[in-house]
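First chain written, first letter: the chains are A, B, C and D, and each begins at residue 1.
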Amino acid sequence: MKTVFYINALFSLIFALGVIFGKNPLRSALSLLLFFLTIALDFFFAGSEYLGFVQIIVYAGGIIVMIAFVIILLGLKKESPDYDITVRSFTGIILLGFFALGVLYGLAKSVLHLIPKAPYFDTSAAGIGDALFSKYLLPFEVASILLLVGVVLAFIFAKKEV
Amino acid sequence: MLGFNDYLLVSVILFFVGALGVLFRRNLIYILMSLELMLNSINLTLIGLAKYSNDTNPQVLILLILVVAAVEVAVGLGLAINLMRVKKTVDVDLFKSLKG
Amino acid sequence: MALKDVLILVVKISIVIGGMLGVVAYLTLMERKVVAYIQERLGPNRVGPWGLLQPIADGIKLFFKEDVIPAHVDKLLYIIAPAITMTMAVMPFVIIPFSKSFFLSDINVGILLLLAISGINTYGVLLAGISSNSKYSMIGGLRVASQLISYEVALSLAFVGVVLWNGSMSLVKITEAQHVVWNIIPQFIGFIVFFIAALAELNRIPFDLPEAEAELVAGYHTEYSSMKFALFYLGEYANLTAMSAIITTLYLGGWQGPWLPGFVWFAIKTFVVLFVFMWIRWTYPRFRFDQLISVGWKVLIPLALLNIALTAILRIYI
Amino acid sequence: MNAHILLPEIILSITAALVLIIEFLTPRRLQFTGTVTILGILLALFYDLSMFRNAGVGFFGMVKVGPFDRTFDLVFFIGAILLILLSFDYFVEISGEFYFFILTSLIAMMLLAKSIDLFMIFLSLETLSFSLLGLIGILKQKEFVAEASMKYYLLAAFSSAFFLFGIVLTYVVFQTTNISEISNKLFASGLTGIKPALIVTVVLILVGLAFKVAAIPFHMWTPDVYEGAPAPVVAFISAGPKAAGFAIILKIMLNGYQSHPELWSSIFAYLAVLTMFWGNLAALKTRNLKRMLAYSTIAHAGYVLVAVVSANQQAYAAIVFYMLSYTFMVFGAFSIISMLGDSHSNLEDYAGLSRTSPILAFMMAIFMISLTGIPTTSGFISKFYVFMSAAKTNHIWLVVFGFINGAISAYYYLRVVVFMYMMDTREELAIPYFPFLRSVMWIAVIFIFYLGLFPQKVFEIIISAL
């Protein structure tokens, strides 16, 4: 199980690097799609079929198509000097590296003791729905407001006239 | 034996790969995609947490984070279209007209 | 899993895929015959009796044609695009129950699997359009992207109605729940929405703008030839079959029916739906693109939401 | 479930939906849509005040409402109403979604001040960021606005990803996202074994919060956004959302990690000093008034962080009081900037204003004096309360730094006054008569002097609400 997980993680990493170092925007978008699929596989491994499929539906069916659509619409092609390393970005990257090491170190030094909350792991849609509409009712409502804001915002920015 | 720490390790690494992309790229579309990487790697921690503490709640959080991610992309792409219309480029480093 | 189970599964899979490919091949003939009768012609009748060998002849012709890969295409994407289309067209049959006991698998969230498949299915057409690097294909690809995103929302909302009504996302359970009344009666609005959205998902007339011959030559597959073109062509019919089978399962009671065995009922219903699809194709004119998008967002999605609200009310008070 | 404790938010959500429908039916009737919005806000305010003393936990432990949170609401409501008034004169023709975004950002801020669940805070924060993005980008076809909204979006999304990661790691450490449960667990079992992880989570969360209050590592967006965005929106951003940011800081750090101040106290102290100095020093060299106010808002965030460090009852009240008086000061200043117009916000444009329009120049001088913190104005009183609370908890060095910064800030605030009164005008600016901008200006002046001369009553109300 561990090997399978890490092989999958390796693929995630490869696709993630493919996204951030890619030269062709469209290829990067596809790499991102494959990355999302590996994450969906992780959800399947953990036993949560529901989340895995939702992940594929939302990302593959919606988000990546949207990104690809905009890439074609804007006519973005290969841009050879798309990234260059200036002094500022270099220091940023070094700081980020130290930050990452710090986070890993901090997490490794502490004892994270997980206590099982239930006798078994409930991955059914019914279980998730119960939690969503009882304990997480208010976040759910706020998320709906957030979606509405997002829709109106995207509409306002993307439409032609003022 | 696969444990929670493996999930945590992978998710931290992927998160910072995404953050690297945000800092490193100049094209707005790439930055958007890197933001998606960051949000998704967070989901990986949550699914590990759900699995190893037999808890339903992190799964709900994953669903809601999906909502946030979708909104972020939609808004970001709308912004990109607007920028292309107004400034004819989506290269964020070329936006320097606001410098006092 | 014992060896015997594996063998049974392999046999089952080969039956499904083989049968499916056979059906798809003959669908091309069926379509041509149907259009011929609608237009008062005879249709193909030279190869074999009543033209029955026509698909085989077509197949041989396509396989032996020269496989042209244009110089300006993005090769990797160009090659995988038709493969995605064909694979994803076969995938829904993994969970469709053909009869009471004959199905490949039954998963709890079957409907989500269907949605995920149709999500990935988009990429076949989209990639074909983009990678071909020609204007017609590009426009076709763009149209596909916007069309499929718009109609997938309506499609999923129609699914929600069914899930609410039957209380399960497993296709087997949904079929079993229809043994008294088919879903088409309590879910009639949902059925209409689903059917129209399915037409759009399949890129069929009146929603076939991605490949509108009059404007775009052949849309996203303008640059394809030979085997790859055949894959697209067959993939289209495979998608059509899959969609008909899904409609049969979700709304027409699946294999349920009196006297005849379940499998026969399933086949009959699927063919009726297929026939309706073809009938529509040769009867209606094409939409304009803005009409297509506004139908999706302003008519179908509100209708689907209305359907969900009504279903919820019915579920509570009946 | 106790849903009635969120009645004001529910009223506002309904109003927001109504605004969208009105905009759909009769597009672009600014004053009508704005009036409906104000009515909705007033109704919500009425219920908010009538339930002022009602306290309770609701929605399965997601929100906890007490009188203190409702005092924060007051700041948000005032900001929103003043913004709507400013918008009547400032915008010629915009889509009515502007008011929708005002309402959603108001809802998000109110929920931020009330939620006691970390994830709830994250979602409200995202809603707030995107609503503000809508306000900033409402004139999207202008080049500056397009650029400002992009910068705001990028940093907001980036920092909220870090914030979310911090929350998730907190969830891992405590297996709960509820702030009071976290606090209980910390009291019960202490830091053994989890201290490094906790520091990591605190830092990650701080990244997100520093962005919202424009504190030092994530302040970069402020000058650009302030310069590019429409002036009324800038006033709104520097008042309400900043107060909301401080409300969350109080909530997470003071309520959640109450028992272990060593986790966050010193970080905030350094942040406060750095933020103050950076803001004030950067403001010295800029000659654009909007940009200068952006740096000054960073400096003011530093002053408020001083109160966060001292973390006693008086500090809590001082923060609310500070945000209340700051709201009036920035709205006053930006109402005058709006009158001159966004494209005339350089210092040179203000030269000789005392001759062309003496009232405006006088008012501007009052706002600048109040921002500096000179007695008889509310700016002085609010700073006084903040430094008092710091002095009481023996953070004398913070007070000293605060005073040094006050002196530095006097230079650039008073330079505006010097320009207005002692320089000769280069070109005549004909300023039309804007009834709504002027009324906002008068409201601001009245409250600045009211809070400056009779602060006791307001302060006592806030203290009693704690």
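The rule is simple: contacts are C-beta pairs under 8 Å (C-beta built on N, C-alpha and C of every residue); 3 or more make two chains touch, one makes a residue touch a chain.
Because the structure is predicted, anything quoted here is derived from the model rather than measured.
Student: More C-beta contacts across A-B or across B-D?
Tutor: Result: the pair with more contacts is A-B.
Student: Roughly how far is subunit B from subunit C, going centre to centre by Cα mean, in whole Å?
Tutor: Their C-alpha centroids are separated by 33 Å.
Student: Using mean CA coordinates as chain centres, what's the gap between subunit A and subunit B in Å?
Tutor: Taking the mean C-alpha position of each chain, the two centres sit 5 Å apart.
Student: Mind checking the centre-to-centre distance between subunit B and subunit D? Centres are C-alpha means, answer in whole Å.
Tutor: Each chain reduced to its C-alpha mean, subunit B and subunit D end up 26 Å apart.
Student: List the centre-to-centre spacing of subunit C and subunit D in whole Å, with centres computed as mean CA coordinates.
Tutor: 54
Student: Out of subunit B, which residues touch more than one other chain, so two or more?
Tutor: 4, 8, 18-19, 49, 53, 55, 61, 64, 68, 71-72, 75, 79, 82, 85
Student: Counting only residues that touch at least 2 other chains, which ones in subunit C make the list?
Tutor: None at all.
Student: Of all the residues in subunit A, which ones touch at least 2 other chains?
Tutor: If we look for residues of subunit A contacting two or more partner chains, we find 50, 54, 62, 66, 73, 103, 107, 112, 114-115, 117, 135-136, 139, 143, 146, 149-150, 153, 156-157.
Student: Mind listing each pair of touching chains for me?
Tutor: Pairs flagged as touching, ordered by label: A-B, A-C, A-D, B-D.
Student: Applying the document's contact rule, which stretches of subunit A touch subunit C when the two form their complex?
Tutor: Those residues of subunit A that touch subunit C are 26-27, 30, 33, 49-50, 53-54, 56-57, 60-62, 65-66, 68-69, 72-73, 124-125.
Student: Please name which positions on subunit A make contact with subunit B in the complex.
Tutor: Within the complex, subunit A contacts subunit B at residues 1-2, 5-6, 9, 12-13, 16-17, 19-20, 22, 25, 28-29, 32, 35-36, 39, 42-43, 46-48, 50-51, 54-55, 58, 62-63, 66-67, 70-71, 73-74, 76, 79, 82-83, 89, 92-93, 96-97, 99-100, 103-104, 107, 112, 114-123, 127-128, 130-132, 135-136, 139-140, 143, 146-147, 149-151, 153-158, 160.
Student: Of all residues in subunit B, which touch subunit D in the complex?
Tutor: Spelled out, the residues of subunit B in touch with subunit D are 4, 8, 15, 18-19, 22, 28, 31, 35, 38-39, 42, 45-46, 49, 53, 55, 58, 61, 64-65, 68, 71-72, 75-76, 79, 82-83, 85-87, 92, 95, 97-98, 100.
Student: State the interface residues of subunit A toward subunit D in the complex, per the touch definition above.
Tutor: Answer in residue numbers: 102-103, 105-107, 109-115, 117, 134-139, 142-143, 145-146, 148-150, 152-153, 156-157, 162.
Student: In the complex of these two chains, what residues of subunit C are touching subunit A?
Tutor: 74, 77, 107-109, 112-113, 115-116, 118-120, 122-123, 126-127, 130, 138, 141-142, 145-146, 148-149, 152, 156, 169
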